[in-house]
Structure formats: structure tokens, C-alpha cells
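Down below are the structures I want you to see.
Shared between the two complexes below is chain A, which pairs with chain B and chain C, respectively.
So, the complex of A and B:
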């Protein structure tokens, strides 16, 4: 296992070189130059040729791309990802700040989704085609069809405008997290209910559940010890795939509640062509996803002893 | 001397309700098991033998409707509440299935699966349960260090040994073995049968074995029941059965075994969704008469033997 983790971490090096290179190059594919955009915003008008040259010299845009890339990479490895072109703040600090905000929102909403979806999904599967199951299926189908930001607006309408209980946007107080968390958590729970129901239902029809019954176990024991553990394997995998929501999926909700998360920050930087911010965020997100995937794989391995990371594809078995 | 009966099944009718109609898989089946004997139910695939076996411990899916009386140790267990019934299941009547790979939990250590059975039925500590599991591992001739193995780390034969250890964890009086050797290769089959025989003698167990393999029947059975299309066609002692089968279907079955390369029974198994007024074997039967098409044969009892046929094969 340790050997496997070490090997996975070694993969990090080529992946990071490739992502950083792509992140760096992609920005240069955009039609307008950074100097043009930034100076246009700064002076509220078409910049002169001298201003552009001066700007390019100041930020090193006058050198060849490869030189720029290697300088940037060298700095990045020392933890210096440059400064934002729009407000001059440190990219790494910005990332850490918005990462924390994203993590708070993401993990609390996913936890909420699990707390809602596990019992409902399991009970639905256990009493398949009962009235409870029908209601929960309709409920989740309706829920899946509702976009998360619309749910957010509904929540704001009820809790902020109607009942005047919770703030409709902001980040400062602990109360602020409740509405965006509800919006994201509820909308993830709808699809999670379906996934939980399907995977539990699939397991319940397998032969080893019949064996568990023949051993004289109670329905509770069968559920907890045999069905749920096996059903968790696909559920964890799906939740791992949903991890991409950490950045992309929450953009609408984050900007709606003015939550300073990664998605929000990234969208803003992309809009204003803030090249150092985009590059830094892409690189750090890649690092994050590699680690997150590693953790998911380790959890899956703990749940399912049949997964063999040592001989991939069982090539040593035949 | 009259033999003591462990299990008596009377008028067992099993029906599955499906979206395209009802399926009758057991039609007025009667049989009984004497204490300490091995009773084999034999028949073609789809004749309902596994369903009959699983119905005894209520392991059938929810769309099965079971009618009839099942007496265990003289006590009618077919009307017990689910809670009382689970006291018997696993503890007094245990089951082993075919395809052991799919029948043991893939993500649980095999030792824990054996210990779990013991703990579920007897109030005991984890340590005692583990002791019992280790003892059972030894009885099925698996080394103690396999306690922590996962099912996928074992061969098919070893998995079936685990299955047997799970079933025998509580020393049940009755073991239902549903095609225990079907998915195994021939040498392993022999070892598993030998193991079952050995454990049966050690614990004075009664075995109800479901199989379609006449070789297994010949090696293991004390008595035999032949099933066809949900009907118990003949019940007889092993020796009598092999010497002189009475039901035309049994005769055909034995002919197939004696000459497996050339001899086949013409026709196919009937569709159990279609109700037939007469004998279900009539379309394939060499001795069929007009009466067989109209009248359902009744059980003819001849001492220990029971035959369900209008034209029993003469001497």
C-alpha cells in the first residue's frame, strides 16, 4: 500500500509538468494580449503603443514564451506564483483563501447531502416499490430537474426575504454559510438518493445476501454488515467523480451568494484575463485533484479488498 | 423399526406471481426426511427442485406464494412468525448453495463470516465465536491462517469449504445442499462430497441434497426423489431406484446416465406457465395413453415408495 502511494505520488511530477505547460500555453491562444486588456481597464481607453511596451517589459511579456514559462515554473516551485494583474495580490494567498472558502462550502454541503440521501436511499431500496419509495423517487426526480442556483434563489426568497432569518449573501459570519450549503447540499442529495437506492437495490438481489439470511441474521444485521458495505463502493466512486464540483459545479451558487470560493474566483479571473491568477489556479487545482483522487482510491481499497493496485489489470495473475 | 422423521413436507404448493402471469413451480409435493439420512432431489434444470429447497427456510423472493405444511421435528414451522422462524434458520436448518464465489460476501474476511453465523444464533463473546470459527475451518480442512483471507483469494473448492463451514457453524440438524458441487471441477467435487459425508457422520446430520447429477445421487443418497415440472414423480430407496425405477421419467433418466453419448429424452421441459390438465410428462412419455392427457396422476404409495403415474412401469 505504501509502495503504491509512493508510486502514485511519483506520477505527480509528469502530470504537473504537463498541466503547467498546458495552463501556461492555453492563455496565449486567446485572441487579445494581456497588456491590451489590462491597460484598457486601467486607463479607460485605447492604450498607446508606449504604454503597451512598458507594460510588457514590466511583467516580462516581451521575452519568448519558453523563457517566460521556465522562469514562472522556477518561481512556482518556490511557492511564488506571481501577482494578480488586476489588483496586485499574491496568487498563492488568493488561492489558499478561496480554497478554504470552497472547502467549507463543499464538505458541509456534501455531508448534508449524504445525511439526507443515505437513509432515504437505503430505505427506498429496502422497501422497493412501496409508497415511500415512489414518493422519494418522485421527490428526487423533481429535485434533479431543479438547477442549484434556482433552489438558492428560492431559499433566499423564503429565509431572507420572507422570514428574514438568514443573510442572503456574504462570508463574514457563520450564519452566511447556511443558505449556500442548503442550496448545494439539497441539489446534490437528489441525485445521491438515486445512486444510493440503485446500488443498495442491486446488492440486495445478490446471492450473498440470501446466504446472510440463511445464516439467521436479522434484517438489520444484513443491511448494515452485508448490503451497505458493498453498496458503498459505487457510492464512494460516484462521490469521487463529483469532486469536480468542488471548483466548477458551484460557480453559479458561489457567485449568487457572493461566496469567495474557487469557482467564483476562477470565473472572475477568466473574465478579466488575469493570466497569472488563471495559471496559478489551474496548477494548484491539478495538485488538489491528484491528491483527492488518491484519497478516494485509498478509501475504495479499504472498502473493497478485491481492488488490487499492485498488479493493475491482474496482469500477474494469468 | 419405524424411522424417526426430522422433516415432513405435505401438500407443498409454490407459485411465483410475475408480470406476465403465475408460474407453478411446486405442485402438491409430499416428502419426508428421516433423521440421519441423505435425501436427494434430482431433476432437470428448471424443474423446481431448488425452489422447493429454498422454500423450506423461506429464502425465496417476495413474489413467491407458498402453501402447505412443513413440519420440523414434529412441529409445524410453516405458520411461524418471521421472528420465531429466524431462530430455526441458520441454527437448526442451514443451507449451502451452488456457486460459492457469489454466495459469500466478497468484502468480509471468511473467518468473520463463519464467526458471524455463530454469534447471530448463540449469545456469545467475539472470542468464543472466533474459537468456533477456527474449529470449523479445521473441520473443513482449511488452515487456520486462512481466517483472515478474503473470498477472492481462495479457489472454488476452498470457497465451497468456507460455505460449508458457515453453514455448519451452529451444528445444524438439517443441512440443505443446493447443487453444492455443480460449479466445481470433478476432482474437487469428489473431495467436497467426501467432506460432507464425513461431517454428516460426525454430527449425525440429515442432508437434503439438490442435484441434477446422477453420479452424485448414486454416491450420496439414501433415498431419492425425482422431480419433473414441479411434480415429485417418484420417491424410492437408492438401491431399489437404480435397480428398478417405476416412473417412466425415472427410467428415461437412468437410460441417459447409462448411455450419455447417444441416449436423450425427446422433447423439452414444459413451460410452467401453461396449465396442463393431465400429466406434465405426457408429451415426452413412451407409455402415455389418452387418459394421461386428461387426468392428473395421483400419488401411488407402495410401502416406502411413492410414484405419481397412471401407467407405472411393470416388473
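So, the complex of A and C:
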């Protein structure tokens, strides 16, 4: 396992170089120039050609793309991701600030999703085709069809406007997280219920569960000791896929609740072609994803020791 | 179904119904108490700390002052008590009021005023200011600052340029190295009625009274400007009582309360304060890259083919159609022409197109997808122009692509605004119609010798009557040449709780200095 982790960490280097280079290329392939957009916003008017030339000289955009990229990479390796072109703030500091905000929102919403989805999904699987199962399936189907930002608006109508219980936006107090967390958590739970149900249902039909039943184990023991552990592997994998919410997938919800997370951070940078911010975001997101996926693989290995990552990148030999 | 499950289901349904009922109910009114704080929702960050920028306009109105201001079209004193144009119009000299202080208690003298202009010139931040024409700046004494021009001062428009937001004066301690304007601006220290107490980027800015302000003290103890980017979210925030007012970003183009929600808000008891601006949304022609638009008959055909009442109808009655020539009657210098030269007439448009040999004309319109109103309007224009046999092709793209695409040749028309807050009435007209100005760039409107002459007669004279006469000539020239299609007159809206009193518009900008609030 340690060898595997080491190997995965080694992959980090080419992946980071490749992703950061691709991000650089993508920004340059874009038809618009950062100078035009940033200067327009900075001075509330069309920039002159002279201003554009000076801007490009100051930030090195007049040099070849390879020179720019290698300079940036050299600085990045020393922990210097540069400064935002729009307001001169430090990219790393801004990223960390938004990362913390996103982390709070993501982990609380995913925890909520698990708390909702696990009991409902497991019970639905146990009572397959019962009325409870049908209701839960309908609930998750309807839920999946609701976009998370729309759900957010609905929650604001109920809890902020109707009941006057919770703030409709902001970040300053603990209360502020409740509505965006509910919007994202409920949204994730809808799909998670279906995954949990299907996973548990599959496991329940396997021979070893039948054997456990024939040995006289109670349904609770079967579920907790035998079924759930195996059913957790696809659930953990899906939770990993939901990580996109962490990095940028929650932009609509973040925007709606004025939550200063990574989605808003990136949307603003992309809109203004703030190259150092976009580059820093891509690089740090790639690092995060690689580590997060590594952790998910380790969790899966703990859940099912038969998984062999040493052999051809992870074949199940069970 | 077992009994337990039935009970759970019944309880859940009852809880949901209760939530619904409570959501629809009105909490009874109680005795109103005076509030000390006003919370505002605003669609932009105030940019109170920005290495090279000048901060948002709301910030500069709250916490800043300029040498002069523009009110009702006239340049009026502010930091400067008087000014004089001398040396054969090569120099303008301002006398600074004595005893002024910045919010940090430091003195505001000519030396501090010079710092900001040195910074703007170093950064080439000239937009709408005429600072590009300045040769040198001198401060003969603590209360005098002289600006010398390279080729003479460009009339009243140059004087009004000192009222531009970017020319807001900040104290020495605003800069990373105090007194060195080449170092980043790390704090906004102005001399306005408010001062910045706290700024959290992209979240909020709190303003408290500036105890060093020499004018009348503001009435509230605190104003918090919350940055809520999403238009609908700002509306939800005021409905939820989390903010007390929503202020449009009054530059135009983005971050304003959706016009189709204003009636609902009014019905719910909110105040809707409207101030029309000398700003008009027009359909502009790409005449520089497309010879066809140099034909006046084609431009006239487009004017006849568009029903402006129908366009204004998109905004639920809150916005007026630009049926008169150019600007609405909102300011003494923007009086309407009093005639409608191009009434909606698709048949006339068809015959003009036939005269141009352009039957089946298919112009391409650039549309910024991030402005929902613009998208809706483009779709309406597309169906409307069919009546005149014009097949409008829409090219919808994001804001960054849009900014770049409009510089190119591959388009025929796009909508954008001319004018703006009153302090820009001179510079914005000159910049949109006079090719020799640095601002003309990619946003210049159709122009000709007669339009340039007319716009100069509107923005240059120091004499008020001459300027008023010049504006009439300018409108008439645009009208005669069908230089663009004026679509609707823009306005700035403030939505506020019933108990908020004293919001004023000075010129076209909302001011909160005399606001009191009971709820």
C-alpha cells in the first residue's frame, strides 16, 4: 500500500505540469485578451492601445507563451502563485480563504447527505417494493430533477422569508451555512439514496448474505456487519465524484447565498481572464483532486481488502 | 403499511403544511423603533482595497470627494472652492478649501490632491477625465493646484472630468508607502461624509460617519454594503429582511434589480425609488467595418423598423421608450427634442431597404449572454424586424468574447449604452461620437463631421446657455443622420423598506447621508 501511495504521489508531478500547461494554453486560445477586460473593469472605460501595451509589458504577456509558462512554473515551485491582475491580492492567500469556505460547505453538506441517504437507502433496500421504498424512490427521483440553486431559492422562501428563521445570504455567522448546506446536502442526498439502495440491494442478493441468514443472524447484524461494509464501496466512490461540488460545481449555490467559496472565486477569475488566479486555481485543484482520490482509494481498500491496487492500477481479484 | 409508518407520514405532511401556512402569513405590525444601521445589497464589490484600481463608484460617493462635482449639468465646488482657467486656456487652477481633513485626521492640502493625479497619470488611468492632455501639475502653495495642458484645455468637458469617480482624492496613508502614489493603494482614506470601517473583499464594506468631515454629519451610525452578485438573491435578501435596501449598480449594463420584479416588490410594500439618467441604451451600427452602414437610408430603415414601446414593454412599465431623439428630459442639459422622427413603420423600413437594394437583409447582432435583458431584447428585435423583412441573426456569447468580438468586423449591430451618471454627461458623449478621443475605441457610435462639430458645441463651452444650445444641435445631428437607434432611457432604482426615509438622488446618484430608518 505504501508503495502504491508513493507511486500515486509521483504521478502528481506530470499531472500537475500537464494540467497547468493545458490551462495556460486554454487561456491563450481564448479570443479575448486579459488586458482589455481587466483594464476596462479597473478604469471603468475602454482602455487605450498604449495602456494595453504597458499592461502586457508589465505582466510579461508580451513574451512567448513558453517563456511565460516556465517563469510561472518556476515561481509556483517556490510557492509563489503570483498576484491577481484585477486587485493585486495574493493568489495563494485568496485560494486558501475560498478553500476554507468551500470545505466548510462541502463537508457539512456531504455529511448531511449521508445522514439522510444512508438510513433511507438501506431501509428501502431491505423493504424493496414496499410503500416506503416507493415513496423514497419517488422522493429521490423528484429531488434529482430539482436544480440545487432552485432548491436553494425554495429554502430561502420557507426559512428566510416565510419563517424568518435563517439568513438568506452571508458568511459571517454559523447560521449562514445552514441554507446553502441544506441546498447542497439535500441535492446530493437525492442521488445518494438511489446509490445506497442499489448497492445494498445488490449485496443482499449475494450468497454470503444468504449464508449469514441461514446461520440465524439477525437482520441488523447482517446489515451492519456484512452488507453495509461491502455496499459502501460504490457509495464512497460517488461521494468522491461529488467532490466537483467542492471545487467549482457549487457555483450557482455559492452565488445565490453570496458564499465566498471556490466556485465564486473561479467564476470571477474566469470572467475577467485573471490568468494568475486561473493558473493557481487549476494547479491547486489538481493537487487537491489527486490527494482526495488517493484518500478515497485508501478508504475503499480498507472497506474491501480484496482490492489490489498494486496490480495494474487496481484490479479486484476477489 | 404499519401504524408507525403511517404516523410518521401524517406528521411529515402536517409539518410541511404548517411551513406552507406560516410562509404565507403576515406577521403583525409592531411599534416601529429607530434603527442605527442600514444594510444595503449591491451587486458589485466596492473594491475598497485595490492595488491599481480606483474603487467602485458607490465607495467613492460614500467615502470620497473630488475637486468638483457635477450637479444638474453644472460643475459645482467640492474640495475646490473655486477655479480659474488661465494662460490662454492652457492652465486650470483650483483653490482648495482650507481646514479639510481626511478620515484619518490628516490634512487635505494641494499636496495630497496632487498625489492622486500623479498616480492616475502614472497608471494612465485617463478614462473620461482628459488627464491624458496634462503636461505638468504644480502646487504653488498648500491651497492651490495648477494643471497645465499640452495643447490647451479642452473646454468644459475637461473641467467636468475632475468630477470623475477615478479622480476621488485619497490621503497619503492610503498608499503602502505613505505619500508614495507609485506603491499599491492598501486602504481607502477619503474625505467624504462616511469612512470605511471594515472591508472584506467580495463580501461586505461597512461605512461609519467620518468625524473629520466638515459638512453636515450623516444621520445613521453605520451602513453595511453587502456584495450579492446574483440579481434574484438580492431581491430574496430584502424580502427576507436581511437587507433594508437594494441599490442598482448605476453605471448601467449589469447588476441591477430585475425590472420585472419591481412591481411585485412594490405590491409587497417596498419603496421603489427611480431616477432617470442621461443614459440611453441604443442599437449601434458597425459602420467602421461595414460599408453598408454608411448609407443613411439603411440606418433610417433600422430606426423605422423598431417599435420602441414594445422594447420598453419588456421592463414591465418601469423603463421609458426612447421615442424622443436621444436622452430623456432628466437633466437640464439633456432636454428632449420634442419630436419623434422615426415612428415605428415597417412598410417605410421595407421601402428604404428596397431603395438600398437590401431586400432580405440579414444583419448579425452580437449579444452578451450574461445580460438577461439584452438577450430578451435581442430575441424581441429578431421577431420585430421580420415585419420589415430584416432577418436579424443573433450571435450570443459570454461577456469576455463579446468585448473582443465587437472590435472585429464580423457583426452589424449590438446594443450598448451612451451616457451614464450625470458627472459623465460631457465626457461620455464626446467619447462616443468624437473619434479623436481615447475613449472612442471599440464603443464609438456612428459619427460624421457634422456630429463631431455638434458634440463639441455641446461639451466645450463654459457658458451655460451655449452648452444648452449645443446639446440641442447635437441631438438634432444624431437624429438627422440616424446615427443609432435609441431604444430606451435607462434609470437607476433603489428598492427600500417602507421605514427608510431620506434617500436622495444628487444628480443621478443615490445618497444616504440624511437617511433615517424605523422598523
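In this text, the second predicted complex is superposed on the first by the 312 of 318 C-alpha atoms of A that agree within 3 Å, B and C clash if a C-alpha of one lies under 4 Å from a C-alpha of the other, contacts with A are read in each partner's own complex, and residues count from 1 in each chain.
In this text, a residue touches a chain if its C-beta (ideal position, glycine included) is under 8 Å from a C-beta of that chain, and two chains touch if they have at least 3 such contacts.
This structure is a prediction, so every number in the text was calculated from the model and none was measured.
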Point to revise | Side-by-side fit of chain B and chain C on chain A, or clash | key: fit
Exercise for review: Based on the superposed arrangement, let me know which partner A:64 touches: chain B (first), chain C (second), both, or neither?
Suggested key: neither
Check your understanding: Does chain A have more residues touched by chain B or by chain C?
Key -> C
Exercise for review: For A:229, decide between first (touching chain B), second (touching chain C), both and neither.
Suggested key: first
Exercise for review: Could you read off the angle at the CA centre of chain A, spanning the centres of chain B and chain C, to the nearest 10°?
Suggested key: 150
**Study point:** Which superposed partner A:305 touches (first chain B, second chain C, both, neither)
**Key:** first
Practice item. Please work out whether A:50 is in contact with chain B alone, chain C alone, both, or neither, and reply first, second, both or neither. Key: second
Exercise for review: Check whether A:164 is in contact with chain B, with chain C, with both or with neither, and answer first, second, both or neither.
Suggested key: second
Exercise for review: Report for A:221: first if it touches chain B alone, second if chain C alone, otherwise both or neither.
Suggested key: first
Review point. Between chain B (first) and chain C (second), which does A:129 come into contact with in this model arrangement: first, second, both, or neither?
Key: neither
Practice item. Could you say whether A:211 touches chain B, chain C, both of them, or neither, answering first, second, both or neither? Key: first
**Study point:** Smallest distance from any CA atom of chain C to any CA atom of chain B, in Å, after fitting
**Key:** 18
Check your understanding: Which chain B residues qualify as touching chain A in the complex?
Key -> 57, 59, 86-91, 94-95, 97, 99, 102-108, 116-117, 120-121, 150, 152, 163, 166-167, 169-170
Revision key, fill the gap. So, in the complex, the side of chain A touching chain C is made of residues 30-33, 36-37, 40-48, 50-51, 54, 83, 86-89, 94, 131-132, 135, 153, 156-158, 160-164, 167-172, 255-258, 260, 264, 268, 271-273
Study note, to complete from the structure: Listed in rising order, chain A residues that touch chain B in their complex are 206-208, 210-218, 221, 225-226, 229-230, 233, 303-306
**Study point:** chain C residues touching chain A - in the complex, by the definition given at the top
**Key:** 1, 5, 9, 19, 22-25, 27, 47, 49-54, 57, 124-128, 132, 165-166, 184, 201-203, 226-230, 232-233, 236-237, 239-242, 251, 398-401, 403-405, 431, 438-443
